[in-house]
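Note that subunit A is present in both complexes that follow, paired respectively with subunit B and with subunit C.
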Partner chain A sequence: MSLVKPFDKLPTLNAATILLVGTDESQQQQLAEAILKEKKTFKINIHVATSLPLPAERDHIRPRIDLIAFMINMQSKHSLRNVEASLSHMDANFFLGKVCFLITGVGRMNHCSVEMNAVRKLGNLYSSPVLFCELDSEGIRAATAQRLLRMLQICAGHMPGVSALFFSSLMKSSIDE
Partner chain B sequence: TLPSWETEGMHQRGMAKNPKQAFQVHRSSLSAWQIEERTAGLKTADLKSAQKHERGKQQSASVQAGNSTQDHLEQALTYFERIKDYIPLKKNEVLQKHLTTVESIALQRGLSPEGLDVLLNVALSGHLVNTRILKCLIPASVIAESSVVSAVSRLCVGKCSSSTQLLFLRWLIAMFDFIDHKEKLHALYGFFFCSLQDEKLCPYVCHLLYLLTRRESVSIGFSLLFLFFQGMQPHLQALLSLYKLFCPELVSITLPAKMKTYFKNSESLWKAAINTIRRRNQGTSPTSQQLILGTGHPQSRKRKWNTQLILPACSTDTKNPTRSKEINHADILSHSESFPVEQLHTFSQLLQNIHRLEFPSQMGSVLRNSLLLHYINCVKDESIYLRLYYWMGQTLQEECTWYKLDNQQYEEEFKDFLDIVYKTECFLQKGFSSCEEFLYKSLPLWDGFCCRSQILRLVSWIPLSSFSAFRHSSTMYIIHCFLSLLQCSVLESLKELLQNWLNWHVIQLDMESDPKISPLNTTLSGLVNSVAELIHFVGWIATVALRLENNATFLLYFILDFYETVCDVYLKYNLPLLVMPPPGVFYSALLSMDAVSLNQLCYIMYRYRTNLVAAKENELIKKTILQFKFSSQTYQEYNQYIMAMVGCLWTSSAFQKDIHPQGIRLDPEVLKKTKVQEVRNSFNIVHHPALMGYAILFLQQAWPEDKTLNFNLIKGRRWNWYLEYLYVQGLQGLKLFIESSINRVSQVSQTKSGNAQV
Partner chain C sequence: MWASGRRRRGALDSGFTMDETVAEYIRRTVLKIPRHEIMEMLTMWDFLSKTQLQTINVHQIKEKISQEVVELCEENSASIKQAAILDMIYNHTYRNKKVWTVYQMTKAAGEETDSFNLADFKYKFKRSLRSALKNVTISFREYEDNAIWIRIAWGTQYAKPNQYKATYVVYHSQTPYVFVSSLRSNLPLLCQALVHASSYHDIHEMELRSRCIDSLKDIVFKRYSQTFQTYHPRPLQERNVAPEKVDPRIIQENKREKERIQSVNQEVFGEGVQPKIEFAQYKLETMFKGEPEMDILTEKEPFRCVVKFSSPHLLEALKSLAPAGMADAPLSPLLTCIPQKARNYFKIKERKGILSASCLGP
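Now for the complex of A and B:
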């Protein structure tokens, strides 16, 4: 059992690491493939986990994690509970802009078992962006991959003058104003 | 003579109540025309008959294949026609068989008007306690009004169960556009109205009445009766709001200004089947499609988006206070009947009949009809927008591809629809409020991908009053534009939004001078505040975007394009507002490596100057205290920028003379430490990185033998030649700027004082 921390390791040169957490493994797989297909200027490591905490024994070989994307399916309460449980195993520093929630299944409103409010609350509580995407369609998958890559670029510090904290406060200020 | 198979087949099928009868009627008239042509020119006719024979062979195969199912259907229909008494469904194999036949054919091809008539009668007779028939009543072309009327009369007999009644009403709402005429149906308005008392039926009856209601339907009795229904359910509110629009003097209840309620969706049961048949019909031939749609818009796809235009044969209302004088006048001239909208084809027809036009009962159909859009522009009747409001809100929500995943396959259609809505908004120069609500509601859930350009374009028609509301709900939108490289399109649509507002303002100003028209509902200060809010918002977005994109030239172009509108707001749109670009934008343009951006910036600063000078002059002339004055801060900001520009382009003193707090001023000691030689020369019209390329070309042309590229040669007279050279290269913005803002006589000292005067 170990707390995932954003700053406990040194970054790898010209590389960035994203961690996808969610219960639907096939969806994670698809998204990971879409991310790898995108054009990028740096090396990208994608780690996939169904829940946190991550196993401690592999900790020494795991690179520094720059961005964690939690995947929640609106049709499954379990996926939400799983994410909520995982959130407690993270270092608070992650919430300075290095976390986002990916929500799938909004398109089937009638079959939603998770309330929209619950998801919004989660985003507010952890001051992290909530992104909606239907990963079933290839186009949207690619668009989501682009957005994640861009966030990852910022979180890994590859964008001069823009930090994760800056970006998240930017989003917040646009809400508060 | 014609190939025999065709005539024979036609007779047979014609006699046996073929579902495609309408289609055949058309075909037979076509063949009649061909006979005439045949006598006229033998040669061509021979050729044609040969071709026809070929086609005939191909078609007859498919005809034969279809014949067996056709026979089954006919058997089934005759069977249903003969039902005169209650028949249980259980253990009745014959009935089961016929029912299955009808279902499968109806869902695949749709049913003829005659078939529908038979089946409707059975379904509502109470002989069959089953709703299966109603669920498969899909028309292939149209539904005869008479069948609907007789069905309604069967409803009155009260033999069928309440669930059947409910289902019938839903069916009627869903199929409303397919009914060929609606006059007799209008006559039944009172009957439907009485059914409002039934609690279960009420929502659907309301919806039906909403579709049926015309101005003359709203009589005193109805409105009074209506007041008994005190519960303000959404469906009643919707109907009441329509009444209120038609006859405001009859409905005294105040209704909430914004209603987000819609009718329950009645279509869902039949929607899939209708879509299949529509697609099928499109696939076959253009003629059959025209018959199905009935209006002759071959390019359209969605049934609702260009439904049959129904012609109510009643006079234009004279009570309506919003109508202008001429129309009232015209009413007297033509009290008789209205001009059928489906016959409206040319603009001159519109002009001749403009006094006796009535809108079609399905308002959605006007979107594709440019002549009716002209008419909307002309009559300025608010009820039009209300009628569009529910329909459009519901359609947008129903068809939205990211609300409902099942819609994804129809993304192209949804895009088309959004395009049409946008075009209509452009045409009417007015945003639809249902569209705006749709944006608020759906943008937070948007995936940032579907219908991207359409959504962004719709943003440009958000009304002024609700921009701050939009900003609050647009967080996701902003996240999207930052994360998915959409900044340029976002800036473009925000520029259009600004221009739309400004245009609206100019039009309002024009109308204000006309005393007859009531004063503005938006005050000038409200407008100024909203516009300023938008401009500051864009400034903020632009600063961040430039930072994220590392000052990309392409992005900068769009940002400066936005400011080209902003800098001219005072002179061009007569709005007392001038907002300078934020330093994040100004300095990235000034220090850009690209001559295009620099030139654009020069032009913008020149326009700012012109506007400020004009404002100052106006202040001096009028002497009276103006309600709006540019604050001294604006002048100060402008002066700071202009000092930086002059230092950067002319006096080679960018690091000394810049006094803007976020500028590029550097202490001489720090400059010394950089150990850059000739720091002073880093920025001027020769050494500016954006212009250095021109300087090199100039040197090469002026001194072709000199290979050392000595920039110091450009001095004095040659400096002027160089300037001329730059102007010839197309840097007109630079020219305007230098000629206006730089006093050439004694450069340094007077420039400063010249600027301070502004």
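Now for the complex of A and C:
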């Protein structure tokens, strides 16, 4: 079983890699395209996976992963369970700011099958930010893409003076308020 | 009342007036038909003459059209028989508005198959029903592919048949299958008449229901494209799929897994479009399994619950579950066995946890 590790590979010059993990492929694709549309000063790789661990046969060609975004659809318990199962296949160092949870499908309350509490608990347990976004709406999708890009820049160490660790504690305090 | 002038004239001509209820029934049937199809259906009905049809003005409100049709029918002094045929034409065109239940007839062991005689079938069917119930309206109409449509309006011993709650029966000669719509009280009579007329021995419900009668036929006649689980799993043929436009910066990590899901899905569901079914129901009568401290367990009563799935196109929906990442592939055989087992109502009982569906017929 191969763990995903944040520091086992050297970073690539002026590049950053984000990994999207979730069961809904079309949503991932939409988000990935939205991220690519945004202006950026560095080269970006977006890896898309349904669950962790990642297939070992691609380990040698995969660049260092700087940020992992787990996507949970509130309307699907399956998506939550999948993320929970995936979390155990990660190196603990990732939780120093390089993980976030993207929660989708909150808009239609009566369709929700996942409890809000479960998601918040997950965020607390892994001390990682929980971001709510409605990927069906284009505006929010773009905003989410910008947000993720900013986080990715920080996680990849492209922002002088701000580290992923620092950034995660900032995020956390804003959620707790 | 409408058409009084015409009626008087019609009455003078033929010395026969049309029944009030027949007129009302024709009027209501015409009102059900969408405007642009009225002419077409009336032509199919073949009751009104060409010149009569030409006098109908379809470019007015349906209320008026229906009145004109009724007036013409009065000229021809239509009876309930003709009115029933118009209803059959409408219901054949809009057959997806009813919920159809499939019945299967069986022969006793060693019984010979008689050659099918339509006139004989009709005669026996009518006689069998009429011997039990005098007040019934029975109409037949044959369609392509050996389908016989039967419309039965039921009455009681003292009341005239209720034309508005007619039962439809579709029987395919040469096959043991019968499709029945909306029937509650007189089912035993109908079954008896069917078995008698088609010289079978017994009849039973198949627990298969849908609005789409054509899909039901596809299922029971095994016409839908299917890949049965063979003992030699075929290697997947290379399909010429147009390469998707993927940005090289987006990298799919689970390509292999995706391909596996695709192939498993294809093996279970086949390549073609699935038959259309709107619901599936699972009645569970299994024991509650859980913590021994819980009180529920002390009773030996089964834990009853009903699980219903519904969708405008259930099987296609199930088929897309795994590729959409909403369920693991392969799906439970309970869900995927619907077309093979030809049933969508199941009862799951405690028996080593196996479904009792296999106890069904041959």
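What to note about this one:
As a convention for this text, the second predicted complex is superposed on the first by the 171 of 177 C-alpha atoms of A that agree within 3 Å, B and C clash if a C-alpha of one lies under 4 Å from a C-alpha of the other, contacts with A are read in each partner's own complex, and residues count from 1 in each chain.
Going forward, contacts are C-beta pairs under 8 Å (C-beta built on N, C-alpha and C of every residue); 3 or more make two chains touch, one makes a residue touch a chain.
Since the structure is predicted, the reported quantities are computational estimates derived from the model, not experimental observations.
After superposition onto subunit A, partners subunit B and subunit C are found to sit side by side with no clash.
With both structures placed on the common chain, the touch criterion links A:E25 to subunit C but leaves subunit B unconnected. By the touch criterion defined above, A:G107 reaches subunit B but does not reach subunit C. By the touch criterion stated above, A:V162 is placed in contact with subunit B alone, subunit C being left untouched.
By the document's definition of touching, of the two partners only subunit B reaches A:Q146; subunit C does not. By the touch criterion defined above, A:D136 reaches subunit B but does not reach subunit C. The least CA distance from subunit B to subunit C in the superposed model is 6 Å. Taken together, the subunit C residues at the contact with subunit A in this complex read 247, 249-254, 256-258, 323-327.
Across the complex, subunit C is touched by residues 19, 22-26, 29, 32-33, 36, 43-51, 54-55, 58, 62, 76, 78-79 of subunit A. For subunit B in complex with subunit A, the touching residues are 401-406, 408, 444-450, 471-472, 475-476, 478-480, 482-485, 544, 547-548, 550. In the complex of the two chains, the subunit A residues touching subunit B come out as 106-109, 129-134, 136-137, 139-140, 142-144, 146-147, 150-151, 154, 159-162, 167, 170-171, 174-175, 177.
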